[in-house]
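The data blocks that follow each hold one structure.
Note that subunit A is present in both complexes that follow, paired respectively with subunit B and with subunit C.
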Partner chain A sequence: MFANYMLPTWIAASFLALAAGAIGYFTVIRRSVFAAHALPLSAFPGGAAAVLTGIDPMIGLLGFAFLGVVFVQQSSRLGPKDLAIGLLLSSFLALGALLLSLTGAYAPAVYALLFGEVLGIPHRELLPTAAVSLLVLAVTVLSFRPLLLQSAAADLATICGINRAGMEWLFLGLLAIVTATALPVVGTLLVFTLLVAPAAAAQRLSAHPARAFLISIALAELLVWSAIALSYWSNWPLGFFVGTLGAVLFVVLRGGGLLPSPSGIRARLSRRETSWHHGAGPNSGTRPDG
Partner chain B sequence: MLQALAVDWSAFFADSAVQTALVIGVCAALINASLGVFTLLRGHAFAGHALGDISSAGGAASFLLGISALWGFLGMAWAAALAMAWLGLREARERDLATGIVLGAGLGLTALLLYLAMTTTSASGSTVTVLFGSLFALPPSLAPVVLLLTFGTLCVIVLGYRPLLLIAADADLARAQGIPVALLELVYLLLLGLAAAISAMTVGAILATALLLGPAGAALQLATRPVWAFLLAALLAVLAVVLGILLSWQSYYWFSGTSWPVSFFIVLLTLLEYLGAGLWTAFWGGSTWTTAAPPPSACAEDC
Partner chain C sequence: MPSSSTPAPTEPLLQIENLGVRLGGRQVLEGLDLSLESGVLCGLIGENGAGKTTLLRSILGLQRIASGTIRLAGGSVGKARDLVGYVPQKIAFDPQLPLRTRDLVELGLSGRHFGLPWRRRRYQAATKAALAAVGAEHFADQRLGRLSGGQQQRAVIAHALVREPRLLLLDEPLANLDFRSTTSLVQLLGTLVREHGLTVLVTAHDMNPLLPVLDRLVYLVGGRAATGTVDEVVRPDVLSGLYGYPVTVLRHHGRFLVLPDAPDGPGEMRHAGTELPPPSPREEA
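Then we have the complex of A and B:
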């Protein structure tokens, strides 16, 4: 399992989980689950373009992920944000499907791009992956307080002089970087589980921000390691284990996961969750009784 | 150049693959457009997207088991709809997170089933077929079933139009008026699952969102009354599907023998419709009733 050819995967996945757990914590606090699901999908044509033109996949993925961020920020002026995100992800996916049909890519290549591949990170990508992950972790730690305040209580943050739009760009930008980096290993469709499931479970375990942040990173590492190990043993796809283990983690650690949870942050959240005009989150416009 | 633009109509309509595609595509457009309006009014875009994504596990299973794709997609979409009804009823505030987790598990299952279908059967193209659709490869025997399901769905929507709209606008008010909200919620989710299953066959499981949200989003910006929103959404969706089929069929002549995927054209057209409606309202003003009636959440903030 720790053979030579598996080492890059272990190292890269460990670094990726650091960044994923860190940005996932803010994703869950902001309830930006739909955005976290959509950004990897918007990066998908980048991977397809890399197959078509032979450029470095990382550049294609990052480019399209940032394009997705710009699209979400601009088109949410037109209407509800979740509508904009839904249309963004389907049009980018369709573009990717077109590019793949033009290349005539083999089915396993398409499958690997969508559902991940244990050996998705070659040796030469190892250093950039580690550097990007550490950079994301460093930025989240350095901007921890303003980002947390803006995520948990947007109005209060505005009063305190924190730039709302700036924080939104920072968050989405970091999210785009993490998803584009993790995409080759975990796959387009399941990157978001790596972000959301550990962070959601961590929030249940501790309401203290710094502690929940660290637990989220630890759980993300645990999720990635066990998924790689199981995938290695069973020869089944990595994405299957990330998706199902993520759900198991969430349900087990939340004690059923569906009971009301009296945590301090969530209580504060309830107020900002209910804004539709302000486009607070992908869940904006839903109703408590729906 | 001009030759490539001229459509050979008789050949287009004589092609049996095109006939089946047109029938099933129009059915998918009608169901998705009308349910899309409800979905957007309730702010359920993520749930609608998740249903389509999760139904792909059923599509993958149909390859493994050798059953019809429709029943595979439909079975999984309904299972997911029931799971969401259960989750939604118990804890609504956690719905986005719970939807995300269910979606992750569903996509994980898809990954496994597609992997097994790829390695154990000869259906190596199953990934592309399930996820990105195969409108031109559908068996003609499917058309009557889909027509029947569409007719049933439209009947339910017409019959339950007022209560469903009231629940979408204000569930508390609906409950106070004695409308069986829980039952209708379940009906709505099952219909949404049906819409996801049929559009999964049309444009593909992970692209189904475009047909659900695009025309409805455009119509909600333009229409001045709820009824017009439904009719306009249906019209725009049918237009996108028919034009998409035509363009994909015709693209065979444009790009020297490689036709572009029909899903790409349909999704592109729905996006253009949405953006076009945005431009239209920016210049000529638009919808009065969606902006005049405050969305439910704004009320919750004030009350």
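Then we have the complex of A and C:
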């Protein structure tokens, strides 16, 4: 599992999870999960175009991801946001399908772009992937407070003098970069899970903003490591494990919200939160819940 | 808490002269004058769409004004922004949001700063003081989204107070509060003015809950205003002029009800009499 040819995957995925856990945290707080679904799909034709033309896939993915950012930003002018983004998704997916059909690429190449590939990171991509991930993490940490206030209460942030549009561009830009970087490994359809599931579970585990942020990153790491290991042993696609483990993580850790108890729910929740801060390794997801 | 240093006695904290605002071709505010000294609690009363929020946004410098001037502590609005705290209408936090009352208050100070998000000691002291000023210590460590509406309101007030403004603007803080929360919030506003020397401008569509603490009143109808003490403004002659048609002012146990004039009776001030039904204390507009 830790053979030489697997090392780039382990290293790249670990760096990717840092960035995905960090930007995913703000994705969930901002309730921008739809954008997190839209950007991978808009990046997809970029990957396909790279296969067709032979350019660096990273350039194609990034270019189309940023195109997606522009569309997401402008979509509210076209009508209801979900409607506009929904149509955008389909059109980008369609474009990607066309480009791939033009390449006559092997089915596995298509499959890898959509669902991820354990060996999706060649050696030469390792350094850029690590650098980009660290950059995203650093920018996120350095803008933590303005982003947090702007994401949690946009009106209050405006009063504090925080530029609303600037923050939105910053957030979507970082999201696009993470998307484009993670896509070759995790796959178009499952970048979403990597972004959203650890962050959503982390919010459940701690009411403390910085702790929830760190837990989000830790859970993202746990998610990709488990998925790589399982994918290696089973030879099933990496994306399958990211998608299902992410959903399991979310349901188990947020399960309490699905089963409302008749009384004392607030007291119970706050007690749970305080006791979870300490012992809560990412493995505590198997607790019985009521 | 807010510095109690007062401006030069001749200079009001907030001075609005002949303010006019147009929104989408509609005159939202017209010829509005208002002058507030430090330590005054002023109610901004009017129905929905009367221009209350527009006036607050103009004072915040978020609204382009068509005519007139607004001066804060003798300076222009943009330069004096830190003098003003603002509590917007209908702030609701997501129940899952990983943010405690304490965090929101601290972000009032630290929120605009980029850089490593370490906790600074000076943030903590100011945060503690702001939490104490609004009586929020006992829910300081709870998730915002799980607090009651009244508690969330207090959290947002503390978030505004932590920057030590001299003027606090609140937009419909009493909307959607139950009676008890309303009473205690009104008391809090009174305390902020009397004990911390703050100037408070608070909008409401019903003036009655605010009457115990109100020093001044701006009664807005269709963008035009009558300004003065409660006794000066809440009179049938003044309000009839403002509405443009005769209105009756009913007074009962120290509360007011403003009604369009009955077709057969003159619009005169009547005093509490047993023949009047008790006014509904919180008429929703």
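To be clear about the criterion, the second predicted complex is superposed on the first by the 255 of 290 C-alpha atoms of A that agree within 3 Å, B and C clash if a C-alpha of one lies under 4 Å from a C-alpha of the other, contacts with A are read in each partner's own complex, and residues count from 1 in each chain.
The rule is simple: a contact is a pair of C-beta atoms (placed from the backbone, for glycine too) under 8 Å apart; a residue touches a chain by one contact, two chains touch by 3 or more.
Only a predicted model underlies this, so the values are computations on that prediction, with no experimental measurement involved.
By the touch criterion defined above, A:A207 reaches subunit C but does not reach subunit B.
Judged by the touch definition given at the top, the superposed model places A:G161 against subunit C, while subunit B stays out of reach. Contacts of A:L87 after superposition on the shared chain: subunit B is touched, whereas subunit C is not. Shared-chain residue A:L114: touches subunit B; no touch with subunit C. Residue contacts after overlaying the shared chain place A:I217 against neither subunit B nor subunit C.
By the document's definition of touching, of the two partners only subunit B reaches A:V196; subunit C does not.
Legend: residue contacts after superposition of the two complexes on their common chain; A:R31 is shown touching both subunit B and subunit C.
In the superposition on chain A, the residues of subunit A touched by subunit B in one structure and by subunit C in the other are 31, 200, 257, 266, 270, 273.
Those residues of subunit A whose C-beta lies close enough to touch subunit C in the complex are 29, 31, 141-146, 148-149, 152-153, 155-162, 200, 202-204, 206-213, 257, 266, 269-270, 273. By the touch rule above, subunit C contacts subunit A in their complex via residues 60, 62, 81, 86, 88, 91, 93-94, 96-100, 103-104, 107-108, 110-117, 141-143, 146, 156, 159-160. Touching subunit A in their complex are the following residues of subunit B: 40, 42-46, 48-49, 53, 87-88, 90-112, 114-115, 118, 124-128, 131-132, 171-172, 204, 206-210, 212-214, 217, 220-221, 258, 260-261, 263-264, 267-268, 270-271, 274-275, 278, 295-298, 300-301. Those residues of subunit A that touch subunit B in the shared complex are 28, 31, 33-34, 36-37, 41, 75, 78-80, 82-83, 85-87, 89-91, 93-95, 97-98, 100-102, 107-108, 110-111, 114-116, 187, 189-190, 192-193, 196-197, 200, 236-237, 239-244, 246-247, 250-251, 257-260, 266, 270-271, 273-277, 281-290.
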